[in-house]
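Shared between the two complexes below is chain A, which pairs with chain B and chain C, respectively.
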Partner chain A sequence: MNRLWMAVSAMALVLLGVHLTACKQSSDPAASEDIPIGVYLSLSGANADFGVTTKNGIDLAVDEINAAGGIGGKKIRVIAKDTRSKPEEAQTVAKQLATQDKVVAAIGSVESGQSIKAAPVFQEAGIPMVSPSSTNPDVTKQGDRIFRVCYLDDFQGQACADFAFKDMKATKAGLLYAADDDYSKGLAGFFRDHFRKLGGEIVAEATFQGDVSEFKDQVSAVAAKAPAVVFVPVYYSKIGLIAREFRKQGFKGPLLGGDGWESEQLVQLAGETLEGCYFGYHYDPEDSDSKVQGYIKGYREKFKKEPNSLSALGYDAVYAIKQAIELGGGASRDQITEGLRKIKGFKGVTGTFDIDENRNARKPITMLKIGGTDLKKVKVIQPGDIK
Partner chain B sequence: MARNFLVMLGLLAGCYGFNFVLAEFIEVVYVDYINLCGLAIILAVGLNVINGLAGQFSLGHAGFMSVGAFAGAYASIMLTYGVIESGPLSFASMGSFLLCLALSGLSAAAVGALVGAPTLRLKGDYLAIATLGFAEITRIVLTAQDAIGGPTGLKRIPKMPLLPGAEKWDGGTSTFWIYAFVCLVILLSLNLQRSTFGRALICVRENELAAETMGVRAARMKVMAFVYGAFFAGIAGCLYAHYQHSVRPDDFTTVRSIEVVVMLVLGGLGSLTGAVVGAVIVTLMPQFLRPLEEFLNLSGLSMVVYAALLLLMMLFRPQGIFGQRELSLKLLRRLVPGAGRESGP
Partner chain C sequence: MDFTQLLQNMTNGVAKGSCYALVAVGYTMVYGVLQLINFAHSDVYMLGAYFAYWPAKWMGYLPDEKGGRAQDVPLALVGLFVVGSMVACAAVGALIERAAYRPLRNSGRLAPLITAIGVSLLLEYGGQMVFGTEPRLFPTFVEAQSYDVGGVKFANTSIIIVVTAAVLMGALTLFVNHTRQGRALRAVSHSFNNARLMGINVNATITMTFMLGSSLAAVGGILVAMDQPTITPLMGLRMGLKAFVAAVLGGIGSIPGAALGGLLLGVSESVVAYWSTTYSEAVAFLILIGVLLVRPAGILGSAAREKV
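Take a look at the complex of A and B:
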């Protein structure tokens, strides 16, 4: 009994010691010579894949900038915190970044739920926050220091509707989405409204909830109405199963989706069931632009892996902050916030964009067609094209 | 009664002082940990009455918490801004905040009574499954309500109201409000344990049949324990919502219910002190392991250590840190060698 107590207290003391020394390190006065940027992402847990790929993109950009001499002679120092895939943890680490690490800007998170939890903390502390890939409209409404470098769900849904109606010449569309997921439900709603506005008709709608793998009923309900196109705004883990079910039931029309479709397996799936389907994406991987190709090459060399849109958006978030420091005239919290508001015609991997008055990026969406074993760009839709 | 009232007043003054000290001298990060501990203590001590004292294994605490969180947050947003809309945060007024807290507690308690009456006829595993089901149903129903934000939930929940003299405190007055309820729930539970009601609950836990034979109305006692636990879960939910400024249905998954049960089991099921200590350990451990994780560059290490610690605990001390004992002055004297003799008569 006594021995157990001693063991427990010894362990507690060791941990406390580690903790306090770690705190001391971060408040090292010599470190104020650089630009501390906080990063909070899901580096472990269910969504670790999102966080780690984004972090890779961020690291690549920071290494490039620091290797080229930093910004105005100051190097960027990244302080990365793991949210453990929990939204409430995002708020706790945001407080750590704001008060302990004294960051001048923050990047995060991928999941909109985490960004919404962390945003009030950064807003209150006067720290500009740039979300690389939270597409939910509510994120930047949390305060006037909250920015993002990706497009929004409403634009994405509208662009897909526009593409379906004008380019695919579809007048009848079907919808299949997850009713308990804000991303999926949001996109479906924006698609529905815009498609109707253009004069199209939504002939069938089916939903699913939770982590299911059986879509027989939903697919037959949609396929029975013979729509010209089916909009399926789901994540990659579901699209393979859904597409297979559509083909099994004899539906041959194209499926259409958003950026959630992206994954390394997408092309493998393509050969079987997604042939001739389309999805909206952040950039064209085949783009001959030197910025895009340089990024892809750098990423492959550094991480021995294929880059994706999350890493590209993380990469662009760092460069957006760099430009904000140059535009704002310094690396203080207020100067970066001012700089971010002034960004116009920023040339990133994910397209050229402005930051609008609502602190969102106004940027194009690239429609890709899945054919054979590769993805082909079919159209680039600019924000101005949607009316 | 009058004595309890005075004690509570004293404790409130203590909370005020505590908040002042934290705001003035302690780094915000640690204040955050302390506040999170407070929220966990309210949950754990409330659940201890259901799981520990009455011996009814409930896995639905997150459900009650979500009911309280959404009821309180919705009312608070409406009373402060009048409309659900994003924008800068402001402080809730004292009156509206107290009203929201009462609403949270009462709505969660009402749901507790509603759920408890039929499900408490079940025993052991069956009850656990039924309460688990209730919590999941609540979460799914909340997710489907577009009026309260659907899957993203409610945002822009006002800050906890300011106190006189606290206008310039760094980090606000959350600590005061959270610890006021920590004190309340501990004081009430302490008295409850010693009351006829508490004894009756223990009776039901030890042997329901014998308790009924002795004239204890077991079904009623169990529902009352449920209502008590649900009430404080609702309060904790409301405080949590105002502390985080946003709530979403997914904040209240089964994982959270289980986490509260883990706090109890770790501290010692049935011990109030155990519940408090368990809540503090479970809340702090992942945070204090974070620097180690970052130092070793091993994300996810805390989950491994956490699991290992629970395993060791179950192997070497299955009754929890405190068992069913309480930390009292008597126990303290026994732990300090030699002190027992000095304090003799």
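Take a look at the complex of A and C:
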């Protein structure tokens, strides 16, 4: 009995301690003198590369802004949380950011599944959220404070279908996707609808569920129908395994994917098996625009690495919030939300865009071809190109 | 119906099932001796892959981030890595048994079961801390090659999996049935006290059981990583579930049962996938429930004999 009481009182003490530190943080006078922005990303786990590269882009933008004196004399303070690549964890850390860290705006996440889980938390707390690269249409439907600075999956799926049909001259396509993932399933659906509309035929569809690494049956099902192209809208940690399995089963046709393929690890995980395959990308690194080239130079200097489009979108998300603070007239949650709604002709690294009435960005997609260890731009598809 | 395609799926299923079988043996051996479901077993499988990954990485057999082609690991070194990983995993298995299960030997069946779950979580989350959570490329132990026999396609890695699994399971059966240690193992599994009266060192026999099972799991981990060269600290989760089900299906406690259960599970999954890849696992598990309703002890399991 004594032991039980000891345990209970110890727990009570710990909880009290947590509560006290939480209170202390929120009454910290320094908090009102800077701009606390919450960031939630997959900094570890299966998709760690997504979170880390996006965070790099965010850090680069924040450092630039703070070095130039901040926004109206206030410096940005980033509070970053790790979702460990799990949608449920995104919801948990969103609650922490909203209640304990008292952020005025949030940036996150890359994976649509995470953004969809976290968005209602921020919406309820009155915090504007900007997703850098969640492309599923449902993300910004979660509430009128949820924004994004990337294109949407309906456009991405259509653009990929357009590219497959018109540029790759494929009339028969296969699909392989994750049935339990918002991003993968959504993108596959948009591709399927548009490819059929164009006159193409989906000859095979296979799905998997959960964190699997074995795709023999799925690949057999698709390869048996000999499609001219296979659309595989999955994340980078899976595409390497899927591509290897396709080649092992003797399928030599090209694979096509969305922005989820993007990672520094892509070529390493897939080896030579993705040679000659294509995927969609958020910006054009060959753009001679000074903003783009300045960003690439700044990124190389700070991280000693090549930037990619996820880091570019993280970078743009921060500058979008900066512009919103200037447009809204202050850094409160409501002012930033108002400011974000007013953004027109935003000049970012990933292109010039408006935030439309559905809080989405209308932007082009760049199709890249994988060759050896290089990614080569083959086509830029504008939203107006899709009919 | 497309028979080539169906045959293709069955071929896939045999390769998958052989891996399930290799891991299932570990569950079944420990259960046969201790009536304990060693949930940590599938995490030893994960460790097996990592124990082969690290030395290969240190010796520079991984491509760099730019994707430059890495050398394939020479065959002699592959053998060394595999044996090294088996030894390391055997040591981990023995350690788990000594630290987590032996102190609870006389405290009913529930306590060690809970401890087993604890050890499993420790290895999974400890693994995430030590190895990092990001997926890692497994070095090329065998250059992938594909064959086409009458329209049925399979890779050399699948053949290696099936052959290795068959050889190891055969060796294990010989060991259990035809050696002194194997006889000791069977005796301990029959009754601790009687075995002790016959002069058998019960604790040493149990440790040996864990070491055997763990080294087989290590081979399983390496074989799967060779076929699907991306490893993560949580790769044991799904394999553990499948292998455990395979062991129950074949009759837990029976070594041939584990082999049969693994193959049956793998093949039924793949055959269902002929019609639908989405529901293949659900339907395969339904079949299992059906089998267990008819034969609760599993296909090759004997009806439980109460120990007196």
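Rule of thumb we're sticking to: the second predicted complex is superposed on the first by the 308 of 387 C-alpha atoms of A that agree within 3 Å, B and C clash if a C-alpha of one lies under 4 Å from a C-alpha of the other, contacts with A are read in each partner's own complex, and residues count from 1 in each chain.
Please note the rule applied: contacts are C-beta pairs under 8 Å (C-beta built on N, C-alpha and C of every residue); 3 or more make two chains touch, one makes a residue touch a chain.
Note that the coordinates shown come from a computational prediction; the quantities given were computed from them, not determined experimentally.
K.L.:
Considering only the touch criterion stated at the top, classify A:R84 as touching first (chain B), second (chain C), both, or neither.
P.N.:
In the superposition, A:R84 touches chain B and chain C alike.
K.L.:
Contacts for A:S112 in the overlay, against chain B (first) and chain C (second): which applies, first, second, both or neither?
P.N.:
The first partner, chain B, only.
K.L.:
Which of the two partners, first being chain B and second being chain C, lies in contact with A:T373: first, second, both, or neither?
P.N.:
Second partner only.
K.L.:
Quick check on the superposed pair: does A:Q209 touch chain B, chain C, both, or neither? Answer first, second, both or neither.
P.N.:
both
K.L.:
Return first, second, both or neither, reflecting whether A:D49 touches chain B, chain C, both chains, or no partner chain.
P.N.:
Only chain C is touched by A:D49; chain B is not.
K.L.:
Output check: A:A179 vs chain B and chain C. Expected answer is one of first, second, both, neither. What do you get?
P.N.:
After superposing on A, A:A179 lies in contact with both chain B and chain C.
K.L.:
Counting only touches as set out at the top, which of chain B and chain C does A:S290 meet: first, second, both, neither?
P.N.:
So A:S290 meets neither chain B nor chain C here.
K.L.:
Given the touch rule stated above, what does A:A221 touch, chain B (first), chain C (second), both, or neither?
P.N.:
The answer is second: A:A221 touches chain C but not chain B.
K.L.:
Need the overlap of the two footprints on chain A, from chain B and from chain C, as residue ranges.
P.N.:
After superposing on chain A, chain A residues 44-45, 48, 84, 179, 209 contact both chain B and chain C.
K.L.:
Write out the stretch or stretches of chain B touching chain A in their complex.
P.N.:
On the chain B side, the touching residues are 27-29, 32, 36, 86-89, 140, 143-144, 150-152, 155-156, 244-246, 248, 250-251, 286-295, 299-300, 302-303, 316-317.
K.L.:
Within the complex, which stretch of chain C touches chain A?
P.N.:
2, 4-5, 8-9, 12-13, 15-16, 63-69, 128, 132-135, 137, 144, 146, 148, 153-155, 157, 224, 227-230, 232, 234-235, 237-238, 269-270, 273-274, 277-278, 280-281
K.L.:
Once bound in the complex, which stretches of chain A touch chain B?
P.N.:
Spelled out, the residues of chain A in touch with chain B are 4, 15-16, 18-19, 21-23, 43-45, 48, 80-82, 84, 87-88, 91-92, 95-96, 98-100, 112-113, 116-117, 120, 123-124, 136, 138, 141-144, 179-182, 185, 209.
K.L.:
With touch defined as at the start, can you tell me which chain A residues reach chain C in the complex?
P.N.:
So the residues of chain A touching chain C come out as 44-46, 48-49, 84-85, 179, 206-214, 216-218, 220-221, 223-224, 237, 240-241, 244-245, 247-250, 264-265, 267-269, 271-272, 372-373.
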